[in-house]
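One chain, subunit A, links the two complexes that follow: it is found with subunit B in the first and with subunit C in the second.
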Partner chain A sequence: MRVLRYIGRRMLFIVPQLVGIVLVSFLLVKMIPGDPAVMMVGPMASAETLAKLRTELGLDGSIMYQFWIYLTNLVQGDLGTSWQTTRPVLNDLFVRFPATLELITLSLLLALLIGIPLGVAAAYFRRSVVKKFSDYYGLLAGALPDFWLGMILIYFFYTIFQIAPAPLGRIGFAVMTPSPVTNFLIIDCILEGNWQALWSTLGHLILPVVTLGVITAGPILKMTQSTMERMLESDFIRYADMCGLPKSVVIRQAFRNSLPSIVTIVSVLYGFLVGGAVLVEIVFSWGGAGQYAVQGVLNADINPVLGFVLFSAVLSLIIYLIVDLIYFAIDPRIRG
Partner chain B sequence: MANETQKVFDTGQPVLSIDGLNVSYPVYGEDPVQAVRDLDLHIQPGEIVGLVGESGSGKTTLARSVMGLLVQPGRVDTGTIQFDGKDLRALPEKQLRAVRGKDIAMVIPNPRSELDPLVTVGRQISNVARAHLGIKRDEADQMAMDMLNAVQIPDPDRRFKAYPHELSGGMAQRVVMAISLVCSPKFVISDDATSGLDVTVQAQVLDLLRALVRSHNTAMLFITRDIGITAHFCDRVAVIYAGEIVEIAPMQSFFENPMHPYSVMLLAAFAHNPTLRAKWHKPLASAAPAHGGACAYAGRCVHAEDHCRQNSAELRELAPGHLVRCHFPVERPL
Partner chain C sequence: MTHHPGPAEVDASVNEAGEPGVKPPGSSGFLASWRARLRFLLAVLASRPLFAVGYIIVFAVILLAIFAPWIAPYHPEKANPTDYLQAPSWRHLLGTDQTGMDIFSRIIYAPRIDLTIAIGGTAISAIVGSLIGAVVGYYQEMGGTRSLAAGFIMRTADVLQAFPVFVFAIALVAIFGQSLQSIIAAIAFVNAPIYLRLMRSQVLSIRNMRYIEAAYVSGANDMNIMLRHVIPNSMAPILSQLSVNIGWSVLLTAALSFVGAGVEAPIPEWGSMIAMGFGNIITGQWWPSVFPGIALGVTVFGFALVGASVEVLADPARRRALAGTLREKKRPNAPSKQPAEAA
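This part shows the complex of A and B:
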């Protein structure tokens, strides 16, 4: 019951939060120099054409007026049109976001698989090779740029060993793509029973997922390690040792108490990667949401940018809600 | 409780024998800090020994040495710790874990931070029972429930499912007692266990602890800073100063005839007699204990003479079972 009431209260605040986010990002995007009308008509157009287009786009009104127009369209589910793709932003985002989410979700899973066991082991075996290794790993993962690692992986596994597919998108050219239902390719392939496409999709996912996963494991490793170290030195773990509980039980106990911090860093990373994966997306021609937004910014194409911000914001709010629910499940002190 | 006739323990096979124990903490670039020095202590089955001393005197270090859980970088340099015929120092970690919590249990202070915040207290008790006795969950839960009853927690059915943050300090202390006693240990170390509690709650908890320990004929090392508590609580009293036992005696002998100036000073500090306090308290005394060729207490002693500053003192038996480490034992405190 408490949980339901809590969720309800959170939902109440979502709409004003979103309006605020859209307003701020609208103003920020408008501050970027560059006139979309000029970009759209090209350098050879006459002054009248330009003025006409500006009126059509509502660019001659005040900025608050423009925001009002955007907001009223938004309420009707219209995120505007991208003049670059000439398609409604909403349609574009429904393709682009799943592409990015598929990539970063799998990457985070890989990062968890690397970071958590390594972090726990490094915290427990204080003077071991594992600890040394994880120290260097954390340092390297923090220092290496992800796109660089991506290019190195492409060089070795595509160019030299030729065991990875070409870094050109999410699926091979020669493969029948499944009909888009969710636009998560893995899910669509399974829904359709298209195993050849699934195989190709998974193959294309490997390198970018490894790239992002290996780099993102760094912060997860660090957080796991430092929290576990703190927990292993805490009073209740010392007491568990005094009670002679088996090592495995003591470690599990410390890990459970470390979970809230780990969940927090994962949620932060997830929100960050939606836009932060853009360089890796570019390297692998992924066609993800980050790329879409960056192209929008570079070409004064404001609607894709705002749409991206809005989608990311909703996603973040959902993630934080889920995180809070996980806290609820783990920690009786919050439930209390 | 105080009028219970004092138990006399024969000098049979002690449950715990500490001989010549030296524990030190290395300090980078300096001489190591000697926390426990040539300490001998023998505790008989069922005996309650009070260990009194100020902070930093080595009480907790002694307790942790027995448990084999010294805080890094502390280490036992020499000495033997025999428990129930086993040399604890020679025992591998895995077997030591089997001893901890089962044969030697520890009752600790600030129990609310010592309990796992994410697990119900009933489970925490039964987990210890399960780990040591190899029994099924149901059986362990039943034992935990019995223990909650034994430590007289009100409404034990509800408390079983409570989390540590939902308990008061006194109740959490009872839970910790339940955990330490659930496997019926032979020996319990209580390390300043009630220091965080209100005086009234403290008395209840101590009475209960004593009754439980007595009823199982469990031996106990009762560590405290409050010498007053030991008067009600213990069969023997040991006073520790700068890592050395300076006086150890049967309870009655100790309180009727304390012989070490430090013991007298401690008693004076708790007494409501200003003359006594003034006589034994040395203001601005240098606390730095001198070792090697001097009595460790010489710097703070109101009666120290040149002889004390030049010769270290040995423990001497001055009355039956009453050992004192002093060149000039006190004869009349007032």
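This part shows the complex of A and C:
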């Protein structure tokens, strides 16, 4: 019951915030110079067709009027059309968001696999090589540009050793792609039992996932390490230690109490990566959501940008909700 | 992170105003003169070589930016089409790119643009952000229209921060037009909420201190209290954020240029150089992208290290703990009087 009431109260705040985000992004994108009508028909079109198209698109009304049209369409599930792909933005996003989510979810998993054990070890063995290594790792991971690291990996594993597939999208050209159901390629391949496609998909995922995972492990490592250090110094862990509990139990207790801050940093990173993975997406021609939005901004294509911002805002709200639920599960104080 | 330096803890090197009344009672004379501070800094650098590396990197990059025309062997924007894609050699130390420009010279010139943008953007965001944050934190709990306005500003910051950073920055550059000023403005815009929040939470905890109350009772007006007491005592977390933020802004600038929304092609800039070499790296010519990436990474690394050192030095408790360990090292046989505080 408490959970439901909590979620309900959350929702009350979400709607105005969403409208605010849409309004700000609408005004923002409208300020970008460049006339979509001119972009659509080209510079050679007559003034007549241009005027007709502008009326059709609702471009001759005031900004607030245009925003009103956008909102009413939005409520009906219409996010407009992208003039670049000439397809409804909603359809485009349903293809591209899963591509990004697949990439960043796996990257975060890898980052957790690297960051948590290293962080715990560095916090426990405070005067060891592990601690030194993780200090350097945290600093370096924050300093390296991810797009550059991706290119280095491509150079070694594609150009030199020729074991990785070409950095051109999510699946090989010669492979039968599975029929799109969820647009998460891994899931689609498994649903169809298309093992060849699954193999190709996994092969294409390795380099971008390693790129993002290695970089994202930095902040997770730092957070794990600092929280674990604080926990290991806290009175209840010292007490447990003095009582003679085995080291593994002490570490496990300290780790369990560090979980909330690790969950928080993971959720922040997840929200950040939705847009932040765009550079790696570009390097690997991934066709993800961030790439779609960046193309939109660079070509005065408004609807994809708005759609992307809206989708990622909703996504981060969902993530925060899930995080709250996880807090409920792991922190008995909240459960009350 | 949750450490809020109270008036007693803020000693000479944080409180630049140098008011004699706010010296820490326990360690009178600690870091009192500039010479003592310099000696302390050198001792710290000697015992923490990584910090020294950070300062050396940052110093070297700034020197490169200033003296680029005298160091660079070639003109950074002059292409020599007969010499395109040359591998590193004695003639071209780091090779040439696809248009025949000398990569070594371009890397040396690049910090001029990158550092200008990063430092400019960070400075603007820190000044504007922390001023707004101070005002918001100061008036937030006063009730009436003031706290309403403060709440409105915080909600606006929420909405601005809900945007995906990178797309937001590109959109801003697209709006202002692609120029140096607009990239600086975009970076300042993206960073400002960080300082706003930091300053606000800091001020919120400080404004209930007794010495603020004392200043108020003795008749100082809000403006005076804020400028003379609240802001100077809230600076520590902002200062330690600055250097890290500059490094991060260098990365963001390079990323903007990489997608073509930042500095434009012939101008030497690390991100756009990496982007230019992208096509070559797949066909095996690695040098046009690899070297600018290393330069970029090393620079950001240097700023991160400086940030880490400032974080230790700006926190009075951690600084004193560090001074304690340094003193112990000097006299290995003497019994340690300073209880080794965990930093």
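Things worth noting here:
Just so it is clear, the second predicted complex is superposed on the first by the 332 of 336 C-alpha atoms of A that agree within 3 Å, B and C clash if a C-alpha of one lies under 4 Å from a C-alpha of the other, contacts with A are read in each partner's own complex, and residues count from 1 in each chain.
Operating definition for what follows: a residue touches a chain if its C-beta (ideal position, glycine included) is under 8 Å from a C-beta of that chain, and two chains touch if they have at least 3 such contacts.
Here the structure is a predicted model, which is why all the values come from computation and not from measurement.
Contacts of A:Gly58 after superposition on the shared chain: neither subunit B nor subunit C is touched. Of the two partner chains placed around the shared chain by superposition, subunit C is the only one that A:Trp148 touches, whereas subunit B remains out of contact.
Touch criterion not met for A:Pro180: it reaches neither subunit B nor subunit C. Legend: residue contacts after superposition of the two complexes on their common chain; A:Gln17 is shown touching subunit C, with no touch to subunit B. Using the contact criterion defined above for the overlaid structures, shared-chain residue A:Leu28 touches subunit C, although it does not reach subunit B. Touch criterion met: A:Ala293 reaches subunit C, while subunit B stays clear of it. Within subunit A, no residue touches subunit B in one complex and subunit C in the other. Those residues of subunit A that touch subunit B in the shared complex are 234-236, 238-247, 249, 253, 256-257, 330-333, 336. Residues 17, 20-21, 24-25, 28-29, 31-33, 139-140, 142-145, 147-148, 151-152, 154-155, 158-160, 166-167, 233, 272, 274-276, 278-279, 282-283, 290, 293-294, 297-298, 300, 305, 308-309, 312-313, 316 of subunit A touch subunit C in their complex. The residues of subunit B lying in touch with subunit A in their complex are 67, 69, 96-102, 105-106, 108, 110, 113-119, 127-128, 131-132, 163, 165-166, 179-180. On subunit C, the positions that touch subunit A within their shared complex are 155, 158-160, 162-168, 170-172, 174-175, 177, 247-248, 251, 254-255, 258-261, 271, 274, 278, 281-284, 286, 289-290, 293, 296-298, 300-301, 304-305, 308, 342.
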